[in-house]
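The first chain written gets the first letter, and so on, giving A, B and C; residue counts start at 1 in each chain.
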Amino acid sequence: MKIARRNVGILLAAGSLIAGLAGCAGSPGAGSSSAGSSSAGSAGSASTSPQLSGTVTVYAAASLKATFTKLASEFEAKNPATKVVLSFAGSSDLVTQITQGAPADVFASADTKNMGKLSDASLVDGKATNFATNVLTIAVPPANPASISSFADLAKPGVKVVVCASQVPCGASAQSVEKATGTTLKPVSEESSVTDVLGKVSSGEADAGLVYVTDVKGAGDKVKGVPFPESSNAFNTYPIATVTTSKHKDLAAAFISLVTGSEGKKVLADAGFGVP
Amino acid sequence: MSFHIDATVRARNLDVSLSLGPAETVAILGPNGAGKSTLLSVAAGLLRPDAGSARLGERVLFNLDGGSRVWTPPHLRGTALLAQEPLLFPHLSVLDNVAFGPRSAGASRAQSRETARHWLAEVDVAQLAERKPGQLSGGQAQRVAVARALAASPELLLLDEPMSALDIHAAPHLRRLLKRVLSGHRALIITHDVLDALMLADRVIVMEKGTIVEEGATREVFRRPRSQFAAGLAGLNLLAGTVTEDGLRTFATAGGASLAGGASLHVAGHLDDEAEPGQPGVAAFPPSAVSVFLDAAHGSPRNSFPVAITDLEPHGDHIRVRAGDLAADITPAASAELGLEPGSRVYFVVKATAVQVYAA
Amino acid sequence: MNYSGIPRWVYGLAAVGGLFVLLPLAAMVAKINWAQFIPLVTSESSLTALGLSIRTSAASTALCVVFGIPLALVLARRPFRGQRLLRAFVLLPLVLPPVVGGIALLYTFGRQGLLGKSLELAGIQIAFSTTAVVLAQTFVGLPFLVVSLEGALRTAGNRYEAVAATLGARPTTILRRVTVPMVLPGLASGAVLSFARSLGEFGATLTFAGSLQGVTRTLPLEIYLQRETDADAAVALSLVLVAVAVIVVGLSYRRPHRADIPAEAAA
């Protein structure tokens, strides 16, 4: 009886939440869409154009959270009549959401494979632009308890290594490094996202993990990076594109040119991303 | 080898002291809320009293008065409880229900089943041994419960209205059975039924509001009740007061609100040999000896009590007219002729020779 | 007596409620690639994950029974100071996001955790082990057993136990021969709910135990991972999980010889 009542409560709460979200997503989008597209004709591609207005929704890989949040506020500062809505998740999750009809204007992926999936679904407008690269590095807890100094150290007995599963981009990269170096890792866990790998290292549960350079940089002093030369064997390229179904293509194009332009390059480089 | 209990439970206003000899069966009578079941729970160890002590033979059941407090848990007391409902364990067969006591005492499975079969035969339900409790009638289930209680070979059997949940056909059967099996056992039995007390008990105790108000040999208590409750069970009207030369002067409040005005009045009656004027005493008379009049009837030796009718109810082939604690039995024809209804002010008239006055 | 006393509009809402649950399941079944179904669900990684899920769920259900019965007894039988608080805490995992449970377990049994540090010194490592999976499942499954058993105990009352005591049974004997058998239906449905919850456990496992084939990657984690690359496999495995859950829950609601109890109470 108790369970039942509680469940009803949860369901009701969930129901009202869904209704609320639907309302939020629906009204501002619909209201501003005509304003956005009407300004499109004269706006061209200039990112500083004062005529730009409306809301642009950007779906970006989780590893871009810090940089894109910063770039979004720069964009809004330059174009006071605009608003950038950001959604971060694993690239494949985002592809699934967009193909199921999520209202994305811009998609930035952590690898070319997932951009390819979206392109196969005929949802990429024109051609995607590669705007950054990311390489793997070893993350260790600040005290480095297992004294890791090279990739080969990860294969030492007793070292608890956590990597991404081969099904996700960071895991695929890790596998190609293993192949290139001839080192076989015996991980204690194969996580489904790089965030989970980082979490296991920063909490001290694991002695080392394979993550992206930008993750180590973003984690501050909670983990330490141990670069290794073999990492050049595996890097990810980040493409960005306008989504075909976008109703704010002018805003999308303006945002993409900010990311690929000099401001974008600087912010990305500061975060540890490489240039493609 | 005797049982003695002395217990106070403040929350339920219970303050009782009583003793039982070996193989003595005592019936506890009293209105609802008198504390009868509380007393049984204390004896069984299911309720902890605030003060008091109890002893069953050599065993101290509890002692909360001395410096070193003793509390024997229920399973070590040797007191088996039989409640209104049989409370047979629904997941065990009848046989295993009855074997539960001996098994808990450490007997082997075979031994305890042997004991169980013996007691099932004792209560005439040997043929039900393999059934589940859900397949028994109320009367059968209560018999099995009796067998289960006896199979635990208790030194004191506690029965809490064992017949009250049974239908009128099953009750006499169980009563005969209890009469047979209780002989030779020490038992306390709570009942509302005169018949239970008369048939099963050597002695009765009447409890009211947590204390014992009357106790004595069963026949004596029903022949000469001294408490309102016992008088009710014995089917007698009872007035309490002080014995006089030719009857009884009631206390001002005797009879409660039923006697109009509630004033003290004199009851003329036949004095018992032992009744001495000036002593506290009671006057008892059967409702059948009471006539109802609309006007006061004068002239000795008759008693005429002004009363207000509280209830009218059928009673056999008569109408019982109630006025508070007093009752009169009259014919339906008389009732109709008098036009009686609750609230009517009438006179209860009883001849002095029908009134027994004896010491309280 | 056929009169139900239910207003007609209630049936309408009930139908919507039922569809709300059934429709997504139907949609999922419709998405299944039946040609590939058998190879997908019998792949090595799928079978390993299913086997691990069933083994860990069985173990965590056993733990729930061992610790849940005493907890339910303490909560149901006698009021004491702080009882409401204790109940609230025991039930907390019901409403807590599983990932929060995972974090809490990490800080308790992890290498740097409250107990984990001492366990590590004793040579016991819990993180990244199957034990961690079982702990995470027990954490989320325990309240289900406690809630349903506490309800059963309260409904049964303690009159039978009182009778058993006066018949000479020690408290432990009463628990074994009277209390537990009498609440067996409640205990069984509680255990089944715990098992089902353990089977579906995801968040706490992912946070606390990690994900490694054959060790910590249970069926839900496998589904989550497969979804990255092979949607067909994910959907097929989801159906397997649904089927196992339906079988387990369905079996439990058959309720053996429950009819005895009301008959006895009415006698």
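The rule is short, and it goes like this: a residue touches a chain if its C-beta (ideal position, glycine included) is under 8 Å from a C-beta of that chain, and two chains touch if they have at least 3 such contacts.
As the structure is a prediction and not an experimental result, all values here were calculated from the model.
Greatest Cα centroid separation from subunit A: this falls to B.
Taking the mean of each chain's C-alpha atoms, the chain whose centre lies closest to the overall C-alpha mean is C.
Chains B-C form the pair joined by the most contacting C-beta pairs.
A straight line joining the Cα centres of subunit B and subunit C is 52 Å long. Per-chain Cα centroids separate subunit A from subunit C by 35 Å. Chain geometry summary: the mean Cα position of subunit A and that of subunit B are 84 Å apart. Of all the residues in subunit A, the ones that touch subunit C in their complex are 1-3, 6, 10, 90, 92, 96, 160, 162, 165, 167-168, 187-192, 196, 199-200, 203-206. Subunit C contributes residues 159-160, 162-171, 173, 177-178, 181-182, 184, 257, 259-261, 263-265, 267 to its touches with subunit B in the complex. Within the complex formed with subunit A, the residues of subunit C that make contact are 94-95, 106, 110-112, 127-128, 144, 147-148, 151, 206-207, 209-213, 216-217, 221, 224-231. Within the complex formed with subunit C, the subunit B residues making contact are 44-46, 73-81, 83, 85-92, 100-101, 104-105, 132-134, 136-138, 141, 148-149, 152, 154, 158, 165.
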